[in-house]
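A short worksheet on the structure shown next.
Chain IDs A, B, C and D follow the sequence of writing; residue 1 opens each chain.
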């Protein structure tokens, strides 16, 4: 086996098609193992995710935070900065937004909403900033620091929510009281839960695309991803690049926090914002680290999670399988994509 | 309150708990250490441990033999590592991403399989679990005896593996080859030693150890499987290997340090010290970050860790 | 050496291509037992590719390889080693954290245990036989470049090679070390070992038995060295007449000190790297730095480029002290820097030529339109540079990672020359370049000097320094041994100083 | 014309293997077998719903097939968002974290503090070290009530008793729970209320442990002294009655604003002493427990419902 020089688009297409077919077959086997007909399961999945306006809206709702965390991973990974901390930065964004917003009761939505958005950006960015400082000042590997920060903030939130300053009066659940309606992200399409956060996510995707392809920072990200040292030798302060990249990445992740808290759950609680960071990384990779691809991949994952509910109700296939399906899709996709880079060589015998 | 913490019986309990908590971490960390020494960053430890815990439980339940459960868990970990190896070593897919995918796969598959296997029963059956095996003579030593020498077989195995792996890595021909694969795979390649087989072997060893580590959770300390029962331990393992500077003895120290903090936190709660437990629970992570930030030496990482080897 | 000697290795109709790029085309040649066979060719002619095919690292698309008359299939270096082929690669393949012994022994032997004793014995035998100085217990990372080269050679011999391929082994050696290497090669040949040597240095090529010349992937001819001249070989290699490399004599050296360095001292990892280095540089002057690599040249350049802050001393540009300046500030003062490792420090492989030409200036208003990069400005700039520097590339948006060494160097020169309004720092600008490319770099440096730029030029090629520099400063172990006027200096004198021998140099 | 079929969606916060969910499923099975009002009851469960409740409730409601959407925990937000859109569907939420919504949104509450109090009496009488403990997941009203009652019961029979409290901060982590148990044992506890469901250490160290939700005697035969059993039967029956009333009369759904809960006397729970421990418990202690149980059931003794977070001493 050796590496191919040129990629023929046809070959790549065939490779991906084969990978997709493989993933579908493996998933079908799992369905059969669960005692369900794959056809029935897939059709329930499809119906649950795109079968109606409401289902479609719900799919987009589920996709929204993933777009943000996918973009967060995209910006960092392009610079080869392994920010695994979107998970914690989502928390930080949501917490910062809540911290400021819950003191603004009584202000009109026109005041509260911009404050929430800005606060979540700041919160996510600052939390990522800790990892950035640890990396640039103390050379602590960002993979490690971000993973640990992910754990720490869960406990910080718990501290604040459980008999803490943010806990719901008289409640024992780890959650805040319901947020006043004036601070909810407005619903875009009546009859669905699709909220303004989705538009925000699309706008963020466009901005990230421009950032990456057209701006000096995008240039630096590309350069840092290829040869950080050359960038430094040529007079760019790479500490600043690392810092800025992590701040931008964290800010994007922070936004995922408010779409869930202010758009869907209307309470701050760990369960509302958990898991999007890690899934976002997968979405980013499936989307080939391209904003448009990330939007598509996020919608695909949104559809899977959303459709999984109806699938479980109609066919009895446990919805936990959805996560396995996501992983299988990703593995086959990555494998198929990579396999296209190689061609098998027949070894000649003299 | 502090004087309570310093009572001999409490200290003994903390020490024994530390060793128990350390066991699954150490098993997996030793495996991850070898994998990373060969240049492969296996971030899928969490998923491998989780699947190991589940399959270990399932196999032990179905066969009635705990050791068969451990064997099955090792096999499962090894199999997932094989998938990881094919993806990252042969197909050169990004290692961090593949690891995350395997974590997701482990979480999804174990949870789904658990539901599927015990559908309708409403409850996963409890199985027997390993009990302590005191080492005759040693376990009667005053004070340290019951702490160190009255543990489970897997615990002895984990601690025994530290010197064994040290010897392997630094005193044998194959250990040199493994380290060379992580430091400069081309130096191996030009000697006519295939890099891929070395890395495959190291990664699969890592997977097997992660699987056994997971099995310790479900058949060694708990006696059942619950969804997501690894609870982030796989991630901790990765941190431990880094904190342990990719060397067996420091890895052991790091494992014990993390475990001690966890044991301490449970003991402090048990004594009733009025510290919010969240603070105690985050303590290991905070301490680790601070330790990493102020550690004097930054060396130790295999030079080509995470970089796939291509000839051209 | 006559042609009746049996061929140790025969290559027949070997073709190897990378995608569209044909690196070796229909090559047939023989390496005889006990001969020193040189492979000559410009950068990118396909020399390393051919060696890699012979060592089993690459598999040829077509053709046949025979060892001692029997066809072999070299699917991996393991096959090559078993066939008695050893190779020293163009770039070191060592593990810095391993000892010399470990580097040599890894992957050899059998069984579980690492038999240090017998490995030590075998190394000692080899070192004694060929008179190679090696300390098996030192870390490879602590060795000088020359010492690392010895490790590479012993490594190849350790596997029992009867055909040794040496890919530009002298590129990083001092003249003394090179001489020593040739002495070793002689002994090898006397022992009946065949050596295939790749080199750009004509003096070395002329010492071989036969030369095969490659041009653009094809074998031009294999000739007996005794029957050709240097100029003939060069003409074969580049397919035309070589440019004359006569030293351009100048009467006036520009006036006015531009750069003044005093007592620069630096230590790295607790070891002294620079000791009280002082020198001045005037506008329109080229100051050459001679020295074996690793004797402080890189450190001087890093201090001047703002990459490293010296422990003490002073740096002044036009009288203005600048000790803790950042690379950006240095660039702002009109300092251009051509680093020695072009793909590590000079270029970003994934960026295009247009982008690399503005590396470090991405925020400058010259390349921006509002918050966005001005692509048209970048492309116009790149088209000019491609034309001016004759960079062989499809266009401004070609990725630099795909360029050959010479063309990559041209991109860096284009960028740094534009930046260097006052001072140009050039560290090994001709390293690994072929004759044509070297001539180009020489002409450009002279042009830049004539424009009044002050140039600091370090090179391991004494030819570079003697042809270009006004003065030559010789470095040894981080200290300045002497600064000589080029007119008055001799190669020998500089060679002795580079080896730290003050007395002999003074006597010479 | 009276309905003959009833279709219920059981919306579970965790997996069926978790004790809380197990108790719910067990109760539901008993009710199905008892066929209240002669109904054929069909139940479809969805697990691990907690944070995705609104979508799951809605998916069920939209099928139009389900009469009762029965949630086993705090689903008030989801139900509030849906109840008016699906007026024919009956919604149920359980336990703490909810608030009354009226109409078709019913709120039930499980309090097992009464049997827990009696278990506390066992603990208080049986402890030799005078240190007892409790290990729980998170502090929540419907577990706090039991722990507080357990401690109260112990203190009432043995004023010397000191209580230890550990939250493992995870819904289910048996390893952690076991280590917490070891820690409490080291701190002197010899009677431990295990609310996080791991009994391996209890078994090994053979100290007295107490189970809850379901009978744990089989799980840990050597260590379990007694278990409280949570029975949802009266609650489920009450819900079905309410549904029956609305469907067979002209009455609308009219849920009370306060949570509906049933005391021990009405079958909301039970206390099972481990047969293997019966002999080890002195007769007077067994008698005391019996007496307290009867007093509670016939209303002579009231057990305070204390839902505040229990603290260690």
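Here is the rule we go by: a contact is a pair of C-beta atoms (placed from the backbone, for glycine too) under 8 Å apart; a residue touches a chain by one contact, two chains touch by 3 or more.
None of the values given here were measured: they were computed from a predicted structure.
Q: Centre-to-centre on C-alpha atoms, which chain is most distant from chain A?
A: C
Q: Contact counts by the stated rule: is the higher one at B-C or A-D?
A: It is B-C, judged by the count of C-beta pairs in contact.
Q: Where the CA atoms of chain B average out and where those of chain C average out, how many Å apart are those spots?
A: Centre-to-centre distance between chain B and chain C: 46 Å.
Q: Can you compute the centre-to-centre distance for chain B and chain D, using the mean CA position of each chain? Integer Å is fine.
A: So the centroids are 36 Å from each other.
Q: Taking each chain's centre as the mean position of its Cα atoms, how many Å separate chain A from chain B?
A: 28
Q: Among all residues of chain A, which ones touch two or more of the remaining chains?
A: Residues 155, 158, 162, 318, 320 of chain A each touch two or more of the other chains.
Q: Chain B: which residues touch two or more other chains?
A: Only 111, 114-115, 227, 278, 281, 312 qualify.
Q: Touching at least two other chains at once: which residues of chain C meet that condition?
A: In chain C, 18 touch at least two other chains.
Q: If I apply the definition of touch given earlier, which pairs of chains qualify?
A: A-B, A-C, A-D, B-C, B-D
Q: Give every residue of chain B touching chain C within the complex, in rising order.
A: Chain B reaches chain C through residues 171-177, 179-180, 183-184, 186-194, 303, 311-312.
Q: Using the touch definition up top, name the residues of chain B that touch chain A in the complex.
A: Where chain B meets chain A, its residues are 83, 86-87, 90-94, 96-98, 100-105, 107-109, 111-112, 114-116, 119, 227, 232, 235, 238-239, 242, 276, 278-279, 281-282, 285-286, 288-289, 292-294, 298, 310, 312.
Q: Spell out the part of chain C that touches chain B in their complex, as residue ranges.
A: Spelled out, the residues of chain C in touch with chain B are 18, 55-58, 76-82, 87, 89, 93-98, 102-103, 105-115, 159.
Q: Which residues of chain A touch chain B once you look at their complex with the stated criterion?
A: Contacts found on chain A: 1, 3, 30, 33-35, 82, 84, 134, 138-141, 143-145, 147-149, 151-152, 155-156, 158-159, 162, 278-279, 281-282, 285, 316, 318, 320-328, 330-331, 334-335, 338-339, 341-342.
Q: Taking the touch rule as given, give the residues of chain D at its contact with chain A in the complex, in rising order.
A: 9, 44, 46-48, 50-52, 54-56, 58-60, 62-63, 74, 77, 96-97, 138-141, 144, 169, 307, 309
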